[in-house]
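Across the two complexes that follow, chain A remains constant while its partner is chain B and subsequently chain C.
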Partner chain A sequence: MTEESNRQGSAGRILSKRPALPSGRQEWVEFLFRFQSLFGLIVVFLAAIAFSPRRDGEILFLSLVNLTNILRSVSEIGIIAIGMTFVILVGGIDLSVGSILGLAATGSAVLMVEDNFGVLPAVLLVLLIGMAFGAVQGFVSTRFAVQAFIVTLAGLQIGRGLARIWSGGQGVAISYGEGKGQAPESFSILSERVFNGLVPVPALIFFIVGAIAVFVLNKTTFSRHVYAIGGNERAARISGVPVMRVKITVFAISGMLAALAGIIHAGQLSQGSPNDGIAYELDAIAAVVVGGTSLMGGVGSVVGTIGGAIMLGVLNNILALNSIDINTQYLIKGLVIVAAAALLSLRSGDR
Partner chain B sequence: MDSSSGTLLQARGIEKSFGGVRALRGVDFELRRGEVHALLGENGAGKSTLVNVLSGVIPDYEGRVEIGGREVAFRRPGDAQDAGLATIHQELDLVLDMTVAENLFLGREPRTALRLFDRRRLLRDAEAALEEAGISLDPSRKVRSLRVGERQMVEIARALSLDARILIMDEPTAALADAEVEHLFSVVRELRQREVSVIYISHRLEELEEVADRATVFRNGEVVGTVEVPKSTRGQLIRMMVGQPVSELYPDAGVEKEGELLRVEGLSVRPRRPKRGRSEPRDVSINVGRGEIVGLAGIMGSGRTELLETLFGMGASGARAGLVSLEGEELKLGSPRQAIAAGIGFVPEDRKELGLVLEQSVNSNTTIAALRRFARAGLMNGSREREAVDRTISDLNIRASGRNALVRTLSGGNQQKVLFGRQLLIKPRLLLLDEPTRGVDVGAKAEIYRLLSGLAADGMGILMASSELPELLGMCDRIYVLRSGRIAAELKASEASQEAILEAATAGDEREAV
Partner chain C sequence: MLRRVLFVLTIAGLALVLAACGGGGGGGDQGSSGGGDCEGPDGDYLIGMSQANVAEPYREVMNDDIQRAVDKVPQFEVQFADAAQDNAKQVSDVENFLTQQVDLLIISPNEAAPLTDVVARVHEQGIPVVVLDRKVNGDAYTTFIGADNFAIGEKAGQYISEELLPDGGNVVELKGLPGSTPAQERADGFRAGIEGNSGVEIVDSGVGDWLREKGQQQFEAILQSNENIDVVYSHNDPMAEGAYLAAKSVGRQGDMEFTGIDALPIPSGGIRAVEEGRLSATFVYPTGGREAVEAAKKILLQCGDVPKTQTLSTTQVTEENAEEVYAELRR
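Now for the complex of A and B:
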C-alpha cells in the first residue's frame, strides 16, 4: 500500500473532523471527495434536470411541489438509513428495520384506534418498543457473539410475526375523530405540510433526526467509541471502550428510528398494516453505502447517508416522471447503486 | 548476460515522492548474487519505500531498476514474483484458516488430470517444500494454530518454492524467540549457498553481524553509504544511521524506589477453553515498586503476554486464583476498562491488531482511552483535545504530517509512540509493556527508553516483557524469567546476564525452545 493512495483514501475518511472551509485547489478536490455522496447527489440532480419532462417550458422536476414530494418520499427510508449508519459504522448490519417499521405502523394504529391511546403515549410506547427490539438484538449479537446479520435476519421474521399477531393479520385503517375506534386528529399532521404548506412534516422530521445524528456523530465521546469499534474492535476494547454497551446502543438507535419511520408511515397512509415496510432494509442499506459508509465499519458519515438517501429518491422520481416501465426502473436503480459503490472504492484507492 | 561481476539487481537514481514529501532522493543500490544485503536506517529513512519500488508495490517512480542486466518495471507485486523476487512481509499475509500446505500453494494448487484439486499431491509437495527449506512443520496444520515464528517459516518456504532468486525480508526476527532466530539464520545462510540473494531489513544491528555481508544505510531518503558488514563496527553503523554519535542508548537508571505498587500473589488462570500455544499464568507471585522498571523475560510461549493480558483484565476467561493488588487495592481483572480506571496502562505487542485503529487519525487514536478527560456530559471539547494531542505529538516527537494524519501512514516507530501517547493520557500508575520496541528503529528506541526512564523517575511502575535481552538488561531494575507460565527465576539486573536469563528460561524443557 503506497502512502499516496493512503492520502487519497483518507480524504473521505476523516469524518469525525469538522470540515474546514476549502481554500487551495487541492483542498477543493478533497472537499468534494469528503462529501462525495453530495457530489453524486449533484450529478444525479443535474441529470434529473436534463432528463426532466417539461410542460409549457417549465421543468417539471424542479417544481416546488415535485422537489418537496421527493423529500417526503425519502424521509422514511432516510430516517431508517440514519439509524442503519450507526450500526454499519460499528461493523454490524440491521436487517430487521423493515419489519420494525411494519410493527410500529401496525402498533400505532392499533393503539390509537382500538386501545384509545392518545397520540403522545402511543408514539412514545411504539418508539420504546422499537428501541427495545433493537437493544435486544444488539445484546444477543454481542453477548453470544452471533453475527448481527443472523440475529437481525431472525429479528426481521420475529418483528413481522409480532406485527401480524398484534393486528390479527389485518391492516388497521386510521380514521380521525373523537369517538371510539378513531384516532386523535393531531396524528394526521404527519400527512400535512408546514411553513405555508411548503415543507412536508415527514421531511421536517427527517432533517431534525439528521441534524441530531450529525451532531452526535461529531461531537460526542460516543461517536469516538463507535468509530473506534468499527475500525478495530480489539483495539477499542483494550482502550477501555465499553464495546458491548456501545453496540447495544447503536442497535437501539436503529430500532427506535425504524419505529419512528413506522409511525410516520402510518400517519402518511392513515393506516397501519403488518405488511408495511417489506424490503425497506435493503433500500436503507443502499442509501448508507451510496453515501460512502464502509460495510466493514469505522468509516462513514450521516451526512453521506442523507445525501445517499436523497440521491436515490431523486433517481426514483426522475424515472417515475418519465413514466419509465417499473421493471426497467429496478434495472436502472441497480446499475446506479453498483456504479456508486464502484466509484466509492475507486476513490478509496485501496483494498 | 550479467553486466558486471555478480550483480543481480541494480537500481539507479530512484526518486519517489509522496505528495510533496521526497521519500527517496536519487537512490542507487546494488545487490550481488548470493549475498545477504542489509538495509539500515531509521523508520521513514526510505528502506521500505525502496523495497516497495523493487517489489512492484510502488509502480510509479523515477529511475531505473535492472535485474540480471535487463531493465524491469514491475506494475504489481505479482510481476516481481514472476521475475523471481519474493517478499517475506513484516505483517505476514497468510490465510489463517487454511492449512500450511494450502497456504504454500495458494493460487497454484496442484490439480489432477481432470483439473480437480489434488489434495494428496498438495500434501506431498508441501512436505517436500518444507523439507527443502529445512523446516519441520506439519503441513496439515491450520496456520491459525501456528506461532508467529512458525508462520514466517511458512512464508519463507512459499517463496522458495516459487524459485525466488531474490528474497526481501522485512524485520524477519522481530517476533522470533532466540532459538527461532538461530533457525532463521541457518536458513538464510543456506539460501546464500544456493545463490539466492537476500535483502534484509532489520533494526537489530547485532543480528546483522551474524548474517549480513553488506549493508546500505539510509537517512532521510538518501543512501549514506554501503559498507562491508564484517569490516564495520556497530558504532560506525549507528553513526551513519542517525548522523550523530549515539552516546548512550540506555539512559542511566538510579532512581529512588519507594514503596510497593503492584503486588501479585499466587496468580493462576485455568482457562475455560485452553488454547494451544498459550501458557496461562501458574502460581505467579511478583511485585513492582513505584518508580521501578521490572522486566519479564522468557522464550516465546513462556506466558509473558498472557501474564500481562491477565493483569490488564483481558486474559483468558476461566477460573482464577490468587491476589492482585495495586497500592493495596485489590484488582478485579475483569476488563481493560476496569484496569484503565484502576490506573493501569498497556501497550500490546501487536500494535496493528490490538493497539491501533489504522484507518483513523493520530488524534482519535491518541485520545480514545482518555476521552472522559476531554468531554463533559459526553460532549467532546475539541480544543482541549487538540491541545493535548499536539502536546503529545511534540513531547514524544511523533513524526506525522499533523494530528489528522491517518495512523496507517506512520512508520512503525511513530505508531508505537502514538500508543505510548495514548497510555500517558490516561495517567497510569502502572504501565504494562509487551515488546515495547518491536519493529522500531534505533532512534525511536532510544527515545522510548528515555521516555520510560523519565516515567519511572516520576514514580510510575513499569512492567515490560521483551525478547530482546540487552533491552531488559539495559532498562530494568529487576527481571523475572518466565517458563511455561511460571516464574522460573528472579534476577537483579545488575547481577543478571544474558546467559543466566537464557538458562533460567530454558532449563528443564528444551522442547519448548522450538
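Now for the complex of A and C:
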C-alpha cells in the first residue's frame, strides 16, 4: 500500500514536468489523475446531458446558446484562475485578485467615461496597474519573508480601498458614444459575441490567455523555475534559481490577469463598480484546486485549471437548469470541491 | 485505509450530485414555450425569480411572499436564483432562465446598469418581465412594482411631527448606506414630512449603513454629545433597534422614542419590536412579492395588461395595529 503510493507520487512528479502518453496500467492511472479535472469535466458534462431538462425533445443543456453562456460566465474566473495557478505552483496564494478585478473595472470605467481616455491607453494603464500591484505584493512577500497569504490579504483590503477612492465609492455606468461622459464605442466589443453571434468575446480572450499560459508553463526556463521553487524552494535557491525574480513575476502575472478580467467585467456589465469581484478569489482558488493543482506548490497545470473552471461552470449551470433549491446548490458545489481535493490527496498520498 | 475512506467519500459526493440533479429534473419539463400567444388558465407556467441577494432579510421575505402566492395558483411553479450581490452572477441567472424557457421572469435587480441589457433580451423574446423594488434603465420590461421611499419618509416625518412631537422637539436621524437611493429618498421625504411643524428640529445624524451594530455604535456617540433627544428617526428597523440598545445601556431609553422603517413580518423584524415596545412605530416597506404574482396572473392566466408602474403604499405600524399587520403580511 505505502510502496504503491510512493511509486505513484514520484511518477506524478516526473510526469508533471514531462508530459507523455502513458504506456503501462500504472501510468494510465497516473494520467487519469493528472488530468482529473478534464475527466471530471467529462463526467459532469455527461451527467448534465443525462439530467438536462428537455423541451419538445430538445436537450436544453446542449443548446449552443446555453453552452456559450457557460463559457462566457466562467471566462472571468477562468482568467483569474490561470494567474492564480502560477502563484499556487510556487507555493503561494493570491487573495487580492477579486479586489484587483474591482479596482480594474472601476479604473477602466472612470478613465474612459470621466477622464476621456481612449480604449487602448485605458486598457494598457489598467493592466499596468494590476501588474504593478501584483509585483509589489510579490516583492514584499519575498523580500520581507511574509507569507503570501498575509501580504495578499492586505492587498485585498488595499485594492478595495483604492477602487472606492478612485470612483468616490460609486459605481460608474458606462454608456457609449462620442464626447465627455461616454466611453468609446469600440469598448463595447467586450460585451459582444463573434462568429455568427455565438462565441462571447470574453471566452475568446480566456482561451487565448489559456493557450499562452500553457505554452509558458511547458516550454520555458521560467516554467522549470516555477515548478522547482514549488517543489523545494531551498533546493531551487541553492541550484541557482532566481527565486525572488520568479516569485515577483508570478504575482505580477496574477495581478495583470486579474486586471484583464476586471476590464472584461466592466465591458460585460456596462459598469465599473468598487464592489465588483467580491469573493472572486475564492472561486478562482476553487477552480485551481478542482483542476488538480496542489496548494503545497510544485504540482499542477494550467490545462487542469481551465478544465476545473469550466467544470464548475457546467455544474452551476446544470444545477440551475434543474431547479435545484439554491441552498442545496451551495451544498453540492462545496461537496464537489471537497471531492476534487480528496482525489488530489489520493494522488499525492505520500506528501 | 485513509485512501479508501477518501475514495468512498468522493464517490458518495458524486452520487449525491447525480441524485440531486435527477431529483429536480422534472422542474423544467412543463410549461408553454415563452412565445407571445397566451394560453390562459389552461396552461402550466414556470416563473423564474432572480433575486439580488437572499442574505438580506427583506429579500428573503420577498421570496417567501412570492412562494406563498404561487402556492395558491395551481398553474404556477416558481424557481428561485440568488445572485448573492454579484451583478455578473445575476446576468447568468437570467440567462439560465432563458435557457429553461421560463414563461415569465420576476427580477429584483442588484444594480440597474449591469442588468438592463439582459432584462431587455428577455423582454424582446416576448417573455413578460416583472421588475421588483429596484429599477433597470430604459423601458424594456413589462411592469415595475416598487414602493415609494420618499412617501414613506414623508409619512414617518408627519407621524413624528404630528403624533410624537406636536409641540416640537429634537430629532436624531440614523441614515442608511450613503449613496444608496433609498437612504437619500427616506431622508428627503422625512424633511418634507416635518415641514409643517417648525418646532421639530433635526439636531444630529449618524450613518448606520442599514446595520444594527453600526446604528448602535453611531448612536452611542450621538448620546454622548446630545443631552436632549426626543425622537430617533432611523432609515430602517435594525438601526433603530441598535439605537435602542445604545440608549438602554446608559439608561436613557425611556427619555426618547424610536421609529424605524421596513416592518418585516419575521420574529426579528420591526413589527415585533413595536409589539414589544422598543419602537413606537415602523412603516411597512412592501416587498411587492404578492403583487408580482398578481401581475403574473393577470398577464398569463387572464391574458390581460398590467400598468407599466405600480407604486405600493406603506402602512403605519403602531402598538394598536401591530399584531393585525403581522398576520396580514404573513397571510
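By our rule, the second predicted complex is superposed on the first by the 321 of 351 C-alpha atoms of A that agree within 3 Å, B and C clash if a C-alpha of one lies under 4 Å from a C-alpha of the other, contacts with A are read in each partner's own complex, and residues count from 1 in each chain.
One rule holds for everything that comes next: a contact is a pair of C-beta atoms (placed from the backbone, for glycine too) under 8 Å apart; a residue touches a chain by one contact, two chains touch by 3 or more.
Computed from a predicted structure; not experimentally measured.
Shared-chain residue A:323: touches chain C; no touch with chain B. In the superposed model, A:108 lies in contact with neither chain B nor chain C.
With both structures placed on the common chain, the touch criterion links A:171 to chain C but leaves chain B unconnected. Legend: residue contacts after superposition of the two complexes on their common chain; A:301 is shown touching neither chain B nor chain C. Of the two partner chains, neither chain B nor chain C is touched by A:99. In the superposed pair of complexes, A:270 makes contact with chain C only, with no contact to chain B. Comparing chain B with chain C, the partner in contact with more residues of chain A is C.
1 are the residues of chain A that lie in the contact sets of both chain B and chain C, per the superposition on chain A. Chain contact summary for the complex, chain C toward chain A: residues 2-3, 6-7, 9-10, 13-14, 16-18, 20-22, 24-25, 27-29, 33, 54, 79-82, 85-88, 91-93, 95-96, 98-101, 111-114, 116-117, 178-179. Contact residues of chain B toward chain A in the complex are 18-19, 21, 23, 52, 57-58, 312, 314, 335-337, 339-341, 346, 348, 353-361, 364, 367-369, 371-372, 375, 378-380, 382, 404, 406, 408-409, 422, 426. Chain contact summary for the complex, chain A toward chain C: residues 1, 5, 43, 47-48, 51, 53-56, 60-61, 63, 65-66, 69, 73, 76, 169-171, 173-174, 191, 265, 268-271, 273, 275-276, 278, 315-326, 328, 332, 335-336, 338-339, 342-343, 345-346, 349. Those residues of chain A lying in contact with chain B across their complex are 1-4, 6-7, 10, 13-14, 16-18, 219-222, 224-225, 227-228, 231-232, 234-242, 298-299.
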